[in-house]
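Following this message is one structure expressed as C-alpha cells.
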Amino acid sequence: MKNKILTMKEAVEQYVQDGDAIVIEGFTHLICFAAGHEIIRQKKKDLVACRLTPDLIYDQLIAAGCVRKVVFSWAGNPGIGPLYGLRRAVENDYPRKVEIEEYTHFGMVARFIAGASKLPFMHLRTFSGSSLLQKNKNIKTIKCPYTDEVLTTVPALNPEVAIIHVQRADALGNAQIWGLMGVQREAAFASQRIIIVAEELVEKEVIRSDPNRTLIPGMIVNAVVVEPFGAHPSYAQGYYDRDNQFYVDWYQVSKNRESMERYISDWIFGVSGRREYQEKLGLDTIKKLNAKEQFSVPVNYGF
Amino acid sequence: MKNKILTMKEAVEQYVQDGDAIVIEGFTHLICFAAGHEIIRQKKKDLVACRLTPDLIYDQLIAAGCVRKVVFSWAGNPGIGPLYGLRRAVENDYPRKVEIEEYTHFGMVARFIAGASKLPFMHLRTFSGSSLLQKNKNIKTIKCPYTDEVLTTVPALNPEVAIIHVQRADALGNAQIWGLMGVQREAAFASQRIIIVAEELVEKEVIRSDPNRTLIPGMIVNAVVVEPFGAHPSYAQGYYDRDNQFYVDWYQVSKNRESMERYISDWIFGVSGRREYQEKLGLDTIKKLNAKEQFSVPVNYGF
Amino acid sequence: MMGSYTSSELMVARASRELKDGEVVFVGIGLPNLACNLARRLQAPNLVLIYESGAVGAVPSRLPLSIGDPCLVTDSISVCSMVEVFNYYLQGGLIDVGFLGGAQVDRFGNINSTVIGDYNHPKVRLPGSGGACEISTHAKKIIIILKQNKKTFPEKIDFVTSPGFINEQNQRNKYKMQGRGPDLVITDFGVYRFSSENYTMFLSEIHPGISVEDVKENVSWHIDISPALVSTNPPTKEELKIISELDPERIHLR
Amino acid sequence: MMGSYTSSELMVARASRELKDGEVVFVGIGLPNLACNLARRLQAPNLVLIYESGAVGAVPSRLPLSIGDPCLVTDSISVCSMVEVFNYYLQGGLIDVGFLGGAQVDRFGNINSTVIGDYNHPKVRLPGSGGACEISTHAKKIIIILKQNKKTFPEKIDFVTSPGFINEQNQRNKYKMQGRGPDLVITDFGVYRFSSENYTMFLSEIHPGISVEDVKENVSWHIDISPALVSTNPPTKEELKIISELDPERIHLR
C-alpha cells in the first residue's frame, strides 16, 4: 500500500483548506503545536477551530487571524489563567471577530462520538439546569421511547480535517497512542481527512506486535508526518515531559498583544519548521524535558 | 483496600442468584466456561442468560435447566453447526421452556453501551427492512431532533451479574485484556455485580506498568477468582489456544440429548472444579494448547 | 466436482476476483475467508480484512475455524472492541465489501439466516443475524455466497434477517442505508446480479458444465437470464494451488 | 495568613477531612488536588483519584500543574478515553465526590465559571464548563471550594455553568440528576452547608479568627448562620507538613 509520508508543509498544503472545520485534538497530552504553527505560516483563513480545550495552540491560531469560529468546552491556560488571544478576539474583535460555539466536555465528547458513528446526534445527561441550554441552540432534547424521560442532545460534529499527534506510527498511518487518549479516536473517525503526526516512524512489525495499542488505523489516514518534538510545549508520554514553564510564561507573553505577536513572528514565522524551532529552543530545554524510562510489562500475543 | 479473591464456588454462591439476568461475555475469546460449570453445579435456576453469542457455555447452561430466557444475537457453534441444547429448549421445551429475545450483534452492543452509560436507550442504524423489527417489540424508533430522520433504538441492558474472564488481574480486580475484547468493558460497566476471573493473578505493579491495558477497574469489581485454564475450550491469547477440536466434537456430543447429559454429568458434576477438570482433560491436551511466545514491543510510560 | 475442481473452489475463486487491492473487506468464516485470503495472495496484497470480532488488518497464519480465532489477532494491525467495529467501522461507512451467506435468499437479495418456518414455532431454528443485518445495511457492496437449490432460493423467505433491496422499488433509500445493497450472488450454479430497474436477481454468469435448465430447476421463481450471459472462468491452477494451501484439510471445501 | 497557616492551607485541610477511604473522587487541579493527596497520606490511603483527562487511580509523584500532567498517568491503575470517563464513570454513577470551583456561587450552590457580564458581550470571558456541568450533575456529592467576597458570592450569578440545587425547590429531581448536589462550600471564611428545607446555603463552621460580621460582609445576600455554628478545626502540624511537601513551591497555596 502507498507510503503516506509527507512533510508538515506538504500535509497542511494538501489537506487543510481555508474555511475548513478543523480539529487538532489532544487533552493536554499530544497537542500538535507543529501543525498549528505550519497552519499559521501558511496563513490559512476562516477556520472553524474545534477542540475541547482550545489551549495555547488555538490561542496562537486565533491571534494569527486564522480562525473565524471556535467550537469548544473549556478555554483556558490550564492551571495558569485565561487565553488572552481568544479573549481579545471575543471581547474586542481583535485581530478579527471570532464566533464561539460552546459546550461542556461531555457535550463535545458526545458530538465526536455521534460524528464517528455517523449518527446525526447523541443524547446525554448534562446541560439541564445550566444556562448553556439557553445560549446554545444546538443543544436540544429528545424523549426516550421506553421511559418517556427527556434527555438532552447534541448534534454530530464531523470536521473536514483532524490532526492527531501520536507516539508511533508506520508509513501507512497505523498509529499508536499510550497515556492520555482524550477523544482522539473519535475525532479522527469523525473527520473527513486525517493527518497523523508521529514522534517516531516505526516498522509495521512494531505496530503489529501490539495491535490493541493501535488507536487509529491507517485506512482512514491521508497523510503521515514524522515530526519529533512536534507536540512541544505539550508532551508525549515516554518521549518528553510537558514544558510547564512555557505554559506559565505564556501568561505574560500572551497578556500583552504586542508580545504575543512578537512570539508569533519570532517562533512561528521566524522558523521554517520544527527542526529550526528545536534549534532555537536549544539543547538544554530539550534535554531537560527528555523522558525517563519506565517500560510496560510486555504481553504475549502468541497462541 | 480489600483483597477480593474468592474461589469460584464462593463467588458464584455469593454473587449469582436464581432469577438473575447474567452475562458471561467474551466473543470467542475468554469465554468463562469455569464459571458456567460452577453455576450448573450449584443448580442456579431461572437465569436470564444474556450474551451476543450463546456459544457452548450457554448451550450447557440451557441443557442443565438453569435458564429461563436467552437474550442474544447469534446462536450457533461457530463454523460447525447449531446449538442443539438451545434448539431442544426452543423447539421442544426440553428440559424446560426457554424464551428468547433476539437482536443483532450491533443491537446487543448498543444495549450494553446504553447500560454502561446509564442511558435508557441507544439509537443506531440497523433493523430497518429486517423482520426482527416486527418480532421484537423492544426495538423501537426515534426521530432525530436535528434532521427529522428516523432511527431505530434498543433499550439499555443492565444485567445483575457480569462474569468477565481476563488474562491478568490484581487482587483488587483491576483487570487487563489483550487480543479480542468483544463487548466486555460495556457488559461489565452495565452490570450491578461483577466477577473477574483471571488466568493469572499479578501484583498491582504489573497492572500499573501499563494502565492503558486495563479494561475493567477494580472499583466496579465484587470478586476476583483466579482460575488458570478457566476459559477452555475457549482460549486466552498468550496463554492457550482455542480447542477447536472440542468445538468440532461438540456437534456430535450435543446432537444427542443423552450424550449431552452424559457430558454434563461427567465433566461438570463429575468434577469439583477446574483443577479436576484439567486433570481429567489430561496433560497432553493442555500441552498441545499451550501458547507460543510472541511478545509485544514495550512502551515507555516515563516522563 | 466439476472437472478438476469442486464447486466450492470455483465459488471461492470467483468471489476472490471481485476484490480490489486496498479495499476494506468485512470477512466471514468459511468460503468468504478463503476468497479474501486468496485475493491477498494474488491481485490484492493490501486487502484489509476486518472481522466482526474486532480484528482489523488480520493476516491469519492458519485457517480460522471461527471468526474470533487467535490467529486473526496475532500480527494484525489493530484490535478494537465491538463498540468500535459496529459504530465506527460499519455504521461509520468504512467497509467496501461485505460477504454474507444464509439459509435462504429471495429474488431481491434479502437473506434469511434466522429461522425456517414460523418464528415463534420454528421448524428449524438457525443462528440468527449476528452482524449480518448491519453488514447488509452498511457495507458499500455486498457479495452473497451460498449453495443453491429450490429451498435456498424460495419464492418467499421465512424471515428477513439481512435486507437486500427489500422489494422491486428498492426500499434501501427509504431507510437511508449507506450500502448500495447486494452486488452479486455466487452459488454453485452461477453468478447472479440485480436489475437496476426492478432490483430483481438475474443470471449473469453460468458455471462450466451447468445448463440454464439446471439453474431454472434450482430457483423457485422464474429467474431472468442475462442476454449477455457468459460462462464463469474456471479457477486457474494457481488459484487452486493457493486455495488448497489455505484449507489443506478441506474443512470449508466439502 | 491565619496564625501559622494560610487560608489556603486551612481550606485544603478542611476539604481533605471530608474524604473517606475507598471513595472515588473526581479531582480538579489546585486546592482539590492537594486535598485529595493529603487525604491519601492520612485517613484515606485507598482513595481513588480520577481526572477528567482519563487517568484513574492516579498516584501523582509530583504536583500536577494541569489535569493532564504525565505524572497522573505513570503508575496509575487505568487510563481510558474521555468517552469512558464521561459515559461510564461520571454518567455511569461511579463518582462519590466531585470538587468544583468557580468565579461565582449563589445561595443555591449554582456555580458560574463561564462569563462575567452578558454572555454575548462579556465583561470577562472565563474558561467555561469543561467537565464541571457534568460533575455537578452526576457526582454523588459535590464539594465547592472558592475564595469568598461579595463578588464571588453575589445575589445572582451571571451564568449557571454547573447547577447546584438551582432554586429553593431543588430542581435536581425534576431533571432526574443522580448526584445529590452540593454538600458543602469551603471558603477562606468558613464552611457552608445547605438547608434541606429551602436548599439555601448557611454558615456551618467559621474559621479561627473570622467573625460572623466578616462573613456577612463578604456575602451579597442575607446569609443564614447555623444555630449550631462551630469553629473550624485548624490544620494540624501533620497536615501542614504534608501539604507543604505536596506543594513545596506553594504554587497553589498563594
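Observations, loosely collected:
For clarity, chains are labelled A, B, C and D in written order, and residue numbers in each chain start from 1.
Keep in mind that, in the parts below, contacts are C-beta pairs under 8 Å (C-beta built on N, C-alpha and C of every residue); 3 or more make two chains touch, one makes a residue touch a chain.
This structure is a prediction, so every number in the text was calculated from the model and none was measured.
Both chain A and chain C are touched by B.
Note on connectivity: the fewest chain-to-chain touch steps from chain C to chain D number 2. Of all the chains, the one whose CA centre sits at the greatest distance from that of chain B is D.
Comparing the chain pairs B-D and B-C, the larger number of C-beta pairs in contact belongs to B-C. With centres set at the average Cα position, the gap from chain A to chain B is 37 Å. Measuring from the averaged C-alpha position of chain B to that of chain D gives a distance of 40 Å.
Put simply, the C-alpha centre of chain A and that of chain D have 28 angstrom between them.
Looking at chain A, residues 113, 118-119, 124-125, 149, 178-179, 181, 185, 209, 212, 235, 237, 241-242, 294, 301-303 sit in touch with two or more other chains.
Residues of chain D found to touch two or more other chains are 55, 70, 73-74, 79-80, 87, 91.
Contact topology of the protein chains: irregular, matching none of line, ring, star or complete. If you check each pair of chains against the touch rule, the ones that pass are A-B, A-C, A-D, B-C, B-D. Contact residues of chain B toward chain A in the complex are 118-121, 123-125, 140-142, 144-147, 149, 151, 153, 155, 167, 176, 178-179, 181, 206, 209-210, 212-213, 235, 237-242, 291-303. On the side of chain D, the complex with chain B involves touching residues 22, 24, 46, 48, 55-57, 70-71, 73-80, 84, 87-88, 91-94, 178. Those residues of chain B that touch chain C in the shared complex are 27-29, 52-53, 72-76, 78-80, 82, 86-87, 90-91, 102-106, 109-110, 113, 124-132, 135, 149, 178-186, 235, 237, 241-242, 244, 247-248, 294. Taken in their complex, chain C has these residues touching chain B: 29-30, 52-55, 65-70, 73-74, 79-83, 86-87, 90-91, 110, 114, 119, 122, 125-134, 137-138, 159-163, 166, 171-172, 175-177.
Of all the residues in chain B, the ones that touch chain D in their complex are 1, 113, 116-119, 174, 185, 189, 204, 207-209, 211-212, 214, 217-220, 301-303.
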